[in-house]
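Dumping the structure here so I can ask a few things about it.
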């Protein structure tokens, strides 16, 4: 396929029981993909993300997940993720298994997966209780002097879903602003869905090859979904909807409120286009940044 | 110091016996720095480079080096490096110790140095004779299933010298085109000298933060040396002087020819400026590429 | 001039950054403290955000460490792999400001759970980058309000190592960083001796009894006991007018 | 139509790439062969250069794998760490074309020294990326002119592993790649059975005796022995007019 709809992409590459990584560190989180997964009623997913954020709070509330692989479980700058806490503390709607790392540990797991390594070594976890509750965190002796260093195993998601500013129809994807672990997650995964604000001509990509983060070579599906990362943000396209991150703290405090929101904004809508329309022009107006251009560099024409 | 002359930078950060890495994969090789090191008569250097190229052939011929740490010893696209072969095969002008890896092994050594790791694991060297002749190449058992994987130790040069298109006076450096191991070598080194075609205003760097490869934080000296990478090239600024790479094959075939060239183009000149003038305008004209601009992206103004 | 305990804490943290070149920073009070330090005692201070931003020059006070305002106009933006590999583990960061739901006398921090891990009373966010920051950064400043709920005899979970059981235990494990050096609270300042917290200064108007009552173990005291200089007019002006005009962090 | 042995070798290599999606390529004949394949049997073939360039569209024939003409207009340029880590070791590359100063019957390659390592008769360039390419890439095609100096009974140095001592030795060591699958020369085509080279086809006009005389061990033969289809007019036209107008690689 390659260029396709979100409905098609999720139907084809996300199955019950799959290990799924929707990454993006604060920026470029594909809420559009998460909502479509909820709509299609996927179950028993193993959800991987450094920072589960609101998107996994919503997917857990909707009953899509059986397990979370993560390193920071909070609503950034606000507080708790209430739906996930309900699942963990009280098994609502269902018990949720936790596999917990630190940020660097998650980065190392993606790196090992992407680099085809049996493990990744990192200076963390010494003296911490984390290895006690997570048997996947181990230690190895350096062959140079025998020092002990922590290791994490490779993470190979069945599918990684990454949002970015733009790609061509072949899936060659360019991202700027925070890079998070988008590249490592993409290369670690068996299948890759790229979601972008704009599909651009191949020549736009080829004009700046150093800006290409994910090559079409490893991309299975490209979905064009403007505002698809809201309420997170896309550098240069729209701001983070901090007001919504605050509102979610109230919405999600009880099951009724959470369900009400899911009914209205996910189940009640056919697709992201409807979400964007329902959200309304003034919201997008409020979130639109001014312009700040990068300037251009010369690669040179060599004949 | 930071912004300074090549003479100052070399005098301050390159000492007899130091471990030095002048990196750059085909592109952005700081010949200007290598020639200044020759002029200042440094001795017993341990020279590290994936591809020693002409610059180390010249430095070895001049008697600067006691050891080479490398992974590919050739004149790319042409043939042998005759001066280095004379040193290795016949001890002329002096015996040269070799510490030999594969490309990935050198990359892994820089990565371990840059990342503060005691070793870097990689899938190489199995069944090869290289570990037999290089005891620094070892193997470790994975703590997940006990598979054996090769390791290389960290490389921490006393100084790394990297050429790039541009930097600001604080040393914030932007590079495009081939990236080689410039970033990893810089972070692995105890001191960093950055050599650039242009010093630009800090605002030019800040307009495109994703393009910044080496932060001023780790840079000790910035030298502005236009054409400082000739006969290698700088993307968008000048072409590779393939004619010179071919000519060097003849020049370097005997000691007399090699010495003659060094006398005329290194010892006989005070600095790079003189080299550029002596080379002549028509050479730079011949090597000037046409224009091919990257286009600009919008980072957005967030207030 | 009037000021709140939180303002005193922020000002004290800013002063502690005198002479520091690189600080690993999160949002909220630590971010305010670092920006106050830049405008006062540490003009050369470089802030590095966990999101991978270096040399940020935000046009507004960032609301999260991933705020897009941190990116536009920054000196450099790097991947999380580079941030943790090249900068943190690579030994490029001098100081980090950390906090937790619980801290013990050795500066070990808990940000994971209250109660039993398998059946937590409260599930907290977890490590984030704190565990490797605590191990790799040059020096750790702990910055959190003093309270008996937070300063405990025994942690429910050790997320990020401080001095573990005391003197020498970090180096025995080969940790690159020197670990916790100061604890900056809204009531007092503490240091460490032999890996254990020692009360060094009381903020103006705070009594030793108040402090001891808010700590879950018998505090070691330095003598003579000092008193913190109150915030200056200038410190408060920058804090209130430039850094936190909405007064979000004043309470 | 007349053609040189080198042209026959390049054409045979191009044909061998039929159906391949990604190839790890160096300059010289392999580069010409890959570009010929794209224009004939493998239009979807993606070339990846050791210098970190993907989807190159050079306006001139590159003179080195680091030629700036490969960068301008390419789909992506990445660091050497990403190239070897994400692409090669990450298992994204199907085929690589390799050569050496010496090859043995198991497809093991020597690019390091002739003679003793400590006191070499000839010091060769060394591994470059060949050692890890030979271990990690899906399948290896060896492309080199046949000669008794190169096809030897015993290597002076084993730089890049082929099938080592024969069947199963690679997998026993847990190598991701399947190793050498074809040997493409200027006189013949060879395959592997049980990890050992087997002569499969003679190029037009070449005799079995010529081939055996240029190989340092008793060659195993497949029966029936095939003959290579000579280069077509179209293959030669593309090769001579489009890819190598100067005729550098025709000799």
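For reference, chains read A, B, C and D in written order, and residue numbers begin at 1 within each chain.
One rule holds for everything that comes next: a residue touches a chain if its C-beta (ideal position, glycine included) is under 8 Å from a C-beta of that chain, and two chains touch if they have at least 3 such contacts.
Everything numeric in this text was worked out from a predicted model, so none of it was measured.
*Asks:* Treat touching chains as neighbours: how many steps, at the fewest, connect chain A to chain C?
*Replies:* Graph distance in the chain contact network comes out at 1.
*Asks:* Applying the document's contact definition, name the chain pair with more C-beta pairs in contact, B-D or B-C.
*Replies:* Here the pair linked by more C-beta pairs in contact is B-D.
*Asks:* With chain centres defined as C-alpha means, what is the inter-centre distance between chain B and chain D in Å?
*Replies:* Going by mean C-alpha positions, chain B sits 29 Å from chain D.
*Asks:* Mind checking the centre-to-centre distance between chain A and chain D? Centres are C-alpha means, answer in whole Å.
*Replies:* Here chain A and chain D have centroids separated by 40 Å.
*Asks:* Roughly how far is chain C from chain D, centre to centre by C-alpha average, rounded to an integer in Å?
*Replies:* 58
*Asks:* Pull out every residue in chain A that's touching 2 or more other chains.
*Replies:* 116-117, 122-123, 147, 176-177, 179, 183, 207, 210, 235, 239, 289, 292, 299-303
*Asks:* Scan chain D for residues touching two or more other chains and write them down.
*Replies:* Each of 53, 67-68, 71-73, 77, 85, 89, 136, 176 in chain D touches at least two other chains.
*Asks:* Sort the chain contact graph into one of these: line, ring, star, complete or other.
*Replies:* Graph shape, chains as nodes and touching pairs as edges: none of the named types, so other.
*Asks:* For this structure, enumerate the chain pairs that meet the touch criterion.
*Replies:* All chain pairs meeting the touch criterion are A-B, A-C, A-D, B-C, B-D.
*Asks:* Going by the contact rule at the top, pick out the chain B residues touching chain D in the complex.
*Replies:* Interface residues on chain B, with respect to chain D: 25-27, 50-51, 70-74, 76-77, 80, 84-85, 88-89, 100-105, 107, 111, 122-130, 133, 147-148, 176-181, 183-184, 233, 235, 239-240, 242, 289, 292.
*Asks:* Using the touch definition up top, name the residues of chain A that touch chain B in the complex.
*Replies:* So the residues of chain A in touch with chain B come to 116-119, 121-123, 138-145, 147, 149, 151, 153, 165, 174, 176-177, 179, 204, 207-208, 210-211, 235-237, 239, 289-303.
*Asks:* Along chain D, where are the residues that touch chain A in the complex?
*Replies:* Touch residues, chain D against chain A: 22, 46, 53-55, 57-60, 67-69, 71-77, 82, 85-86, 89-92, 136, 176.
*Asks:* Mind pulling up the chain C residues that touch chain A in the complex?
*Replies:* Per the touch definition, chain C meets chain A at residues 27-28, 50-53, 63-68, 71-73, 77-81, 84-85, 88-89, 108, 112, 117, 120-132, 135-136, 157-161, 164, 169-170, 173-176.
*Asks:* Give every residue of chain A touching chain D within the complex, in rising order.
*Replies:* 114-117, 170, 172, 183, 187, 202, 205-207, 209-210, 212, 215-218, 299-303
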